[in-house]
Amino acid sequence: MVEQMVEDELLVEPVRTTEPVSPMSAKTSRVIVEMRDIVKTFPGVKALTNVHLTLHSGEVLGLLGENGAGKSTLMNVLGGVFKPDSGTIRIDGEEVQFNGVLDSQSKGIAFVHQELALEPFLTVAENVFIGRELKNGVGFVSQREMVAQSKQYLDMVGLEVSPNQLVNSLSMGQQQMIEIAKALSLNAKVIVLDEPTSSLSEKEVEDLFRVVRKLKAQGMGIIYISHKMSEIFDLTDNVMIMRDGTYINTVVTSATDEDELVRMMVGRDVENYYCRVFNTPGETALSVKNYVCNPWRKPVDFEVRRGEVLGFYGLIGSGRSELLESIMGFRDGGSGEVYVFGEQVSDKTDPIRMHGLGLALVPEDRKTEGLFLFNDIRFNSSIASLHEFISKLRVNNHKETQIAQHAVDSLNIKVPSLESKVGNLSGGNQQKVVLGKWLATNPKILILDEPTRGIDVGAKAEIYRIINSLASDGVAVIMISSELNEVMNMSDRMAVMRGGEISAVLERDEFNQDKILKYALG
Amino acid sequence: MKIQTKVLDRLEDIPVVGSVAKVVKANMGILIGFLVLLVFLSIFAENFLSWANIVNLMRSVSTNAILAIGVMLSIMLAGIDLTCGALVALSGVVAVLSMSQFGMPLPVALLFGIAIGLVVGLLNGVIIAYTGIHPFVVTLAMQSICRGAAYLAAGGKPVTVRNEAFTALGNGYLGPIPLPVIYMLVLFFLLYLLLNKTRLGRHIYALGGNPTAAKYSGINVTRVKVFVWAVSGLLAAFAGVVLASRMSSGQPTSGVGYETDAIAAAVIGGTSMYGGVGRTSGVFIGVLIIGMISNGLNLLHVNSFWQYVIKGIIIIVAVYFDMRKNKGNVRTGF
Amino acid sequence: ADTSAEGTTGASDAEIKLGYVPSTMNNPFWQAILDGINEEIDGQSVSVQTVDPQADQSKMNDMVGDLIASGVNAIILGPYDTTGVQPALQAAADAGIPVINIDTPVDDLDLVETVVASDNKKAGALVAEDMMSRLDEGSDIAVINCPSGQACIQRLEGFKEEAGDYFNIVQELDGKGELATSLTLAEDILQSNPDLKAIFGVNDPMALGAVQALAAHPEMSDVLVYGVDGSPDGKAAIKDGTMAGTGAQSPNKIGHEAAKAALDVLDGKEVEKDIVVDTFLVTKDNVDEYGTDGWQ
Amino acid sequence: MKIQTKVLDRLEDIPVVGSVAKVVKANMGILIGFLVLLVFLSIFAENFLSWANIVNLMRSVSTNAILAIGVMLSIMLAGIDLTCGALVALSGVVAVLSMSQFGMPLPVALLFGIAIGLVVGLLNGVIIAYTGIHPFVVTLAMQSICRGAAYLAAGGKPVTVRNEAFTALGNGYLGPIPLPVIYMLVLFFLLYLLLNKTRLGRHIYALGGNPTAAKYSGINVTRVKVFVWAVSGLLAAFAGVVLASRMSSGQPTSGVGYETDAIAAAVIGGTSMYGGVGRTSGVFIGVLIIGMISNGLNLLHVNSFWQYVIKGIIIIVAVYFDMRKNKGNVRTGF
C-alpha cells in the first residue's frame, strides 16, 4: 500500500503554480478568502502541505481531489474545526485565527459538512438555528420565530417538511437538504459545501444549484466539493485541484475538460469509466412478490437474476433504502413473499438468515451502519467474514491480514497501515472499507446502497469494474443510486421508485432520461 | 391508543388546554402507569388519598425530586451523576458544623453548605469536560471522596445543632404546604424554563443528542457540561441542607443510594440514558411514582423485603411502557 | 379498646394496629425484636405493620408519616439518629399516637411514652472488662467498627470508656456491619499486626468476619475475638471456642417489653418511663444457658 | 515515552517476549500507575511484600476479579451490570439453604446457587436485548429484585451450614495457592480466550463499537447481549457461592456495592464506558490496583474515612493516565 502511494506520486510531477488564477468571469470581484501555506498534520499523516486557496466574491470554486487528498481537512481548517499547524487565513484581507466553529461563523463562513451533523431529537426549525437560537423580548428562545424563519429557508431549498418535525424521522437526503438550509440561514459571505449532493438525486440537485446560483449572483463566495464531474462543469467558475495533501493547480472551468482534471487529480488517465459487459442473465436469484415495508404502502414486486445488475433509481425519500433494508430484515414491519434462489424465506426475514443465504447489503450511511470507527482497517474489513479465519479457539492471523490487505489493494484504499483507525480516514476511503468488508464475504446476491457515495472518479471506475466482474461471475447485483448516469450505464434493468412504490421496471433498451425522471417524479 | 393521540393533536390548538394536551401526549406511556398506580392505591390503601398522606408523600418525595432534576440534566447529556447522594451528606454536615462548631450565622452556614456542592459539582464538570473521562467514573470516584469527607468532617458521627430558624427551613409550612414541597415546585418550574425557554436548554438537548453536531454548530460544549454538573452539585447540596434541617443534624451516613432513586425517577419519566431526550413533566411524574411505590406499599402493609422486589419490577415495567409509547422518538441505540 | 388514638381515622375497632419502625430490617437484631413483638401479641387481635427505613433517618421520618396516615394506634420505634428523629416524634404526638422508644433513647424523652432499651454502652463496657481480665496491659488490639450505626458508635464508646488507655488500639476500620467486608479487613489487620492480641467486632457479623479470617491463620489462633449482639451464629462460634465472647442483648425481650408497654399505654395503664433490658456477657462459660438456636 | 514504545515495537517480533511486550505496551499507562503504587507500598507498608500478604491480597481480590470479568463484558457493550453485588448475596443464600434447609447434596446445592445467577443474568440479557431498555435501568431494577429475594429466602438473617467440603471450596489451597485465586486465574484465562480467540469475542468488540453497524454486519446482536449478561450473572453467582463458602454462611446483606469496585477495576484497566474497548490484562491489573489500595492502606493503618477519599482520587488519576497513554485510540465521544 505504502509503496503504491509512492508510485502514484512519481507518475506525474505536479504542476505547481504559486499564484492561482483569478476568475475571469468576475473581474470586479474582490478576494474574500485567502488561505496560504496551510499545513496540518495528524499523528502519522501529513494531511495538508503548504496548501493555498483563493476565493472571490461571486465565485463558485470547485475543489477537486481524490479521496484523502485533504479537501475536507482544508475546509475544516477554514471552518474552525481544526487549527492549522502553520499558515495564514485572511478573510476580506484581514488575517484571522479561528479558535472554534463560532469564530469562523462570526467571520461569515457557513459550512455544510461532508458527514451529516444534525440533532436527531430537535425539530427541523431548532436544527436550523442551533447555536444561534432566536430570542424573544424576555430573552427566552422563540420557537414561533424560528419556525417562521426556517420555513423560508426550507422553501428556498425546496424541501417539503414541517419545521416542527423531529429530524430523526427524515431520510438521509432530506437531512442533507436541512444542512444546506441551515447554512443558508447564516447569511454568510462564504458557503462551503462539502459533497452536498452525495445522497441527493437529480431533482434536489437542481434545486440546490438554483439556490447556489442565486447566492453567487448576490456576491457570495462558494466552495463546492464534489466527485461528480458533471456538477463541477455545471456549476463552478474555477476548479482547484489537490492531490495527497498538496495544492496542484487552479484552472478556469470553461477552459478545461474532464480528462485534464482527472489527470491532475489522479496523476494518470482513467479509462473505461463505465465498463460494463452485458451477459445473458442466469436463473432468478432473488424474487420479491407482494412485498410491503409498511402496512400503509402498496405492495411491490421485482426480481433479480444471476449475472445482472438491477438498478434502483428514485428521488430522495422515495423508499429505496427502506424497501431493501426491510427485505434484508433490518427493519421491522415488512411482509410479503421473498424467494431466494427459488426457495421461499419465511415472511418475517431476519438478517442473519439472509446473510446465510448469500445476501449482503452495503448500507447507505457508512458512519452509523457500516463502520466501527474506533477500530482499525483489519477489524473492519474482516468482521463480516470471521468464520474464514477463526474457529475452535484458533485465529489464523495470516488469513485475516490477507482479507484486509486484499480489500486495501483491490479498492486502492489510501491508508498508512492496516492498523489505522477507520475513523481517521477520509470519507471516500471509509466508503471503500465498507465495500471491502462485504466483498470479502463472496456474496451471491449483493445489494449496494449508494455504493459510490463520496468516492472519487478513479475509485469509482474501480468500483464499476468490480461490479462488472461480480456480475460476470454470476452474482446478482442490486444497485441503489441517486446518480442517474451511474444507474443508466451500469444496470441491465432499472426499477424506478416513487413514494415507496415501484412505478416502473425498465429494460435496458428503454432507458431514457426523460422517461425515467417522469416515473420518478410522477 | 391511536385515537386518543389524534384527539390530543386537535386539542393542542386550543390555548390553555393545548399545553395540557401536549404534556399529556408527551407523557402518555408513563401517565397511564401513574394513573393505574394511583387508582390501585386509592382503592386498596386506606387513607392514601387523605390530605395528611398527600402532604406526607409530597414532602417525602421532595429530596428525591431535587436530586432528580440535576441527575436528569446529566443523563440528558448521556452522562450520569452518582455524586449527589454523598453530597447530600457532606453539605448537611458542613452546614450544621458551620453553625455548631464555627458559630457562623445561619445564612452564612447555609451558603457554605450549598457552596460545597457547587464546588464539587464544578470539579466534576471540569474533569468531565477537560479530560474526557466518562461521567460515570468521575462522579463515582467523587462520591467516594465526598462520603469520606463527610465522615472526616463530622468525625464519624452525626453532628447536631439547635437553631429554630434552621429547623424551620425544612419543617416549616407555607399555608398548608410544607416548605420542601414549595422548593421542589419552584425548582421544577426553573427546570422547565431552562429546558424549554433558554438557549442553554437547547444546547443541552443538542449536546446530548449528537455531540459532534453540537460541536460543529459552534455550541460551547465545555461550558454546557460544566454547567450541568455544577447545577447538579448545587441542587444536591441544597437538598442536603434541607434534609439536615429536617433532622436538625448533619448525618455523614445520610443519602446513601439516593442517586439510585433519582436516576430511577428520571428514567421512568422518559429521560433517555442515550442522551438528548428528557421532559420536565415526565421527571415530575417519575418522582411521584417512585415516592408512591414506597408510600403505597407501606400503607398496604407490604413486607419491606417484598418492597425491594416490587419496586424493581415496577421500574422495569414503567420504563418499558414509556418506551413503547414513544417508539421512534426515543433512541434504542442499544 | 381504642382510647387514645382518636386522631386517627379508619382504624377498625376490632383490631389494634401497631407500627414497628426499626433502624433497618437488614440486621437480624431488628428482626429478632420483631419476633419478640409478634410472640407477645400472639393470640390477641393486634397486628404489626413494619417499615424499613434502611438505616436512614430521613426515610424513617417519612415512613413514620406513612404509618400515621395508615392509622396505626401506637408506634414502636428504634431511632437511627436520636436528634433527627424529632420531627417524626412530633408528628406522632400531633396525631395523638403514642410512641414506644426502643434500643436507643431519643433526645427528647417527653415525646415518647417509655424507653425500652438495653444499654449499648454497657455492652461495650462488658466486652472491655472481660478483655482486660484476659490480656496484659498495653496489648495490641484492633477494632472493626460500623460508624454508620449509632448503636455501634455507642458500643465502642462504652468500650473505650471502660478500657481507658489499657489497650493499644492499633487499628480501627469500617467493616460496614457486615461479615464479608470484615473478613477482608481482618485479613489485612492480621498481616500488619503480628503481635495482635484481640479483635473487637462491634457487632457479631463483623466479629464473625474476624473469626473466618483467623481460621486461615493457625499461627495466630490465640487472638481473641469479641462481638456484641449475642446472635445465634455468634454464640455458636463461642461454643466452638473461635470467639471469646459477645456483649449480649436481648432483642427478643425488648420486643416483648415494647409490645406489652404499647398495649398498656393504649389500655390507659401507667407504664414505667424507663424499662431496662439487661445486657450481659456471653462467654464459653455461660453460652449453654442461652443456647445457640436463637436470640435470648 | 516515545522511546520505550519503540523498543517494545521491536521486541514484539520475538516469540514469547513478543506477547509480553504487547501486553506491556497496551497497558503502558496503567502499568506505570501500578508500579508506582507497588513500589510505594513495598517501601512504606511493612509486610506488604511478604508471601503471606501476597496470598492474602490475591485471595481478597478474587471476588472482585470474578465480578469484574462479567462487568467488563457488559461495559464493553457500552452497557453495565449493576446486579452482580446483589447476586452474590442471593446465590450464596440459595446455595446454603439448598443444603441446610432442603438437605441437597453439595454438588446439587452449588449447581442451584450458580443456576440462580444464570437465570437472573439471562433475564437481564433478554430484557435488555428485546425491549431496548438501557442496561443501567434493567440491572438496577434487577439488583433491587435480587436483594429482596435474598432477604426473603433467608428470612432476613444469615443462614449457616456446616459442611466440610463446602467450606473447603473457598478456604482450601492448591499447593500454596488458595483455591479462589486459582478460580480467578482460570476465569481470566477463559476471558482471554473469549476475547481474542473466538468469533463471539470479535462480535462483542463490534457490538460495543457500533451497535447499528454490528447489526448490518450480520452479527446476531440479540444473542451477544443475552450471552454477555448471562455470563455476568453466572460469574457473580459463582463468586457468591465461593464467598458463602469462605464465610460458611449465606448472608443476605453481603455484596452491597460490590458492583462499584468491579466497575472501577474494569475502567481503571482500560475498559471504555463508551463500549468497544477492553483488555483482559488491563482488567487484571485494575483488579490488583483496587485490591492494593485497600490492602495497602490498611497495612499503613490509614483510617477508613481517609481511605474513601484516597480511593476516589486514585481512581480518577489512574483512569486519566490510562486515557492519556491511549489517546487517539480511546473514544472520548463525550
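In order of appearance the chains are A, B, C and D, and numbering begins at 1 in each one.
Definition applied: a residue touches a chain if its C-beta (ideal position, glycine included) is under 8 Å from a C-beta of that chain, and two chains touch if they have at least 3 such contacts.
The chain list, named the UniProt way, goes like this: A = Monosaccharide ABC transporter, ATP-binding protein; B, D = Ribose ABC transporter permease.
Just so we're clear, the structure is a prediction, and the values are computed from it rather than from any experiment.
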item: Per Cα centroids, the chain farthest from chain D; value: A
item: Distance from the mean Cα position of chain C to that of chain A, given in whole angstrom; value: 71
item: Whole-Å gap separating chain A and chain D, where each centre is the average of the chain's CA atoms; value: 43
item: Distance between the centres, which are taken as Cα means, of chain D and chain C, whole angstrom; value: 34
item: Rounded Å distance, chain B centre to chain D centre (Cα mean); value: 30
item: Sequence positions of chain A contacting 2 or more other chains; value: none
item: Residues within chain B bordering two or more other chains; value: 151, 156, 305, 307
item: Junction residues of chain C - those touching two or more other chains; value: 25, 147
item: Chain-chain contacts as defined at top; value: A-B, A-D, B-C, B-D, C-D
item: Chain D-touching residues of chain B, taken from the complex the two chains share; value: 77-80, 127-128, 131-138, 140-145, 147-149, 151-152, 156, 211, 260, 263-264, 267, 272-274, 305-313, 315-316, 319-320, 323, 332-334
item: Parts of chain D lying in touch with chain A, wherever the complex brings them together; value: 193, 196-199, 202-203, 205-206, 209-210, 212-220, 276-277, 328-331
item: Residue ranges of chain B touching chain C (in the complex, touch as defined); value: 45-48, 50, 52-53, 56, 59-60, 63, 151, 156-158, 160, 171, 243, 246-249, 251-254, 256-257, 294-295, 298-299, 301, 303-305, 307
item: Interfacial residue positions of chain A with respect to chain B in the complex; value: 81, 100-102, 105, 111, 113, 115, 117-122, 126, 130-133, 135, 139-141, 166, 168-169
item: Complex contact set, residues of chain A against chain D; value: 43, 330, 351-352, 355, 360-361, 363, 368-375, 379, 383-384, 386-387, 390-391, 393-395, 421, 437
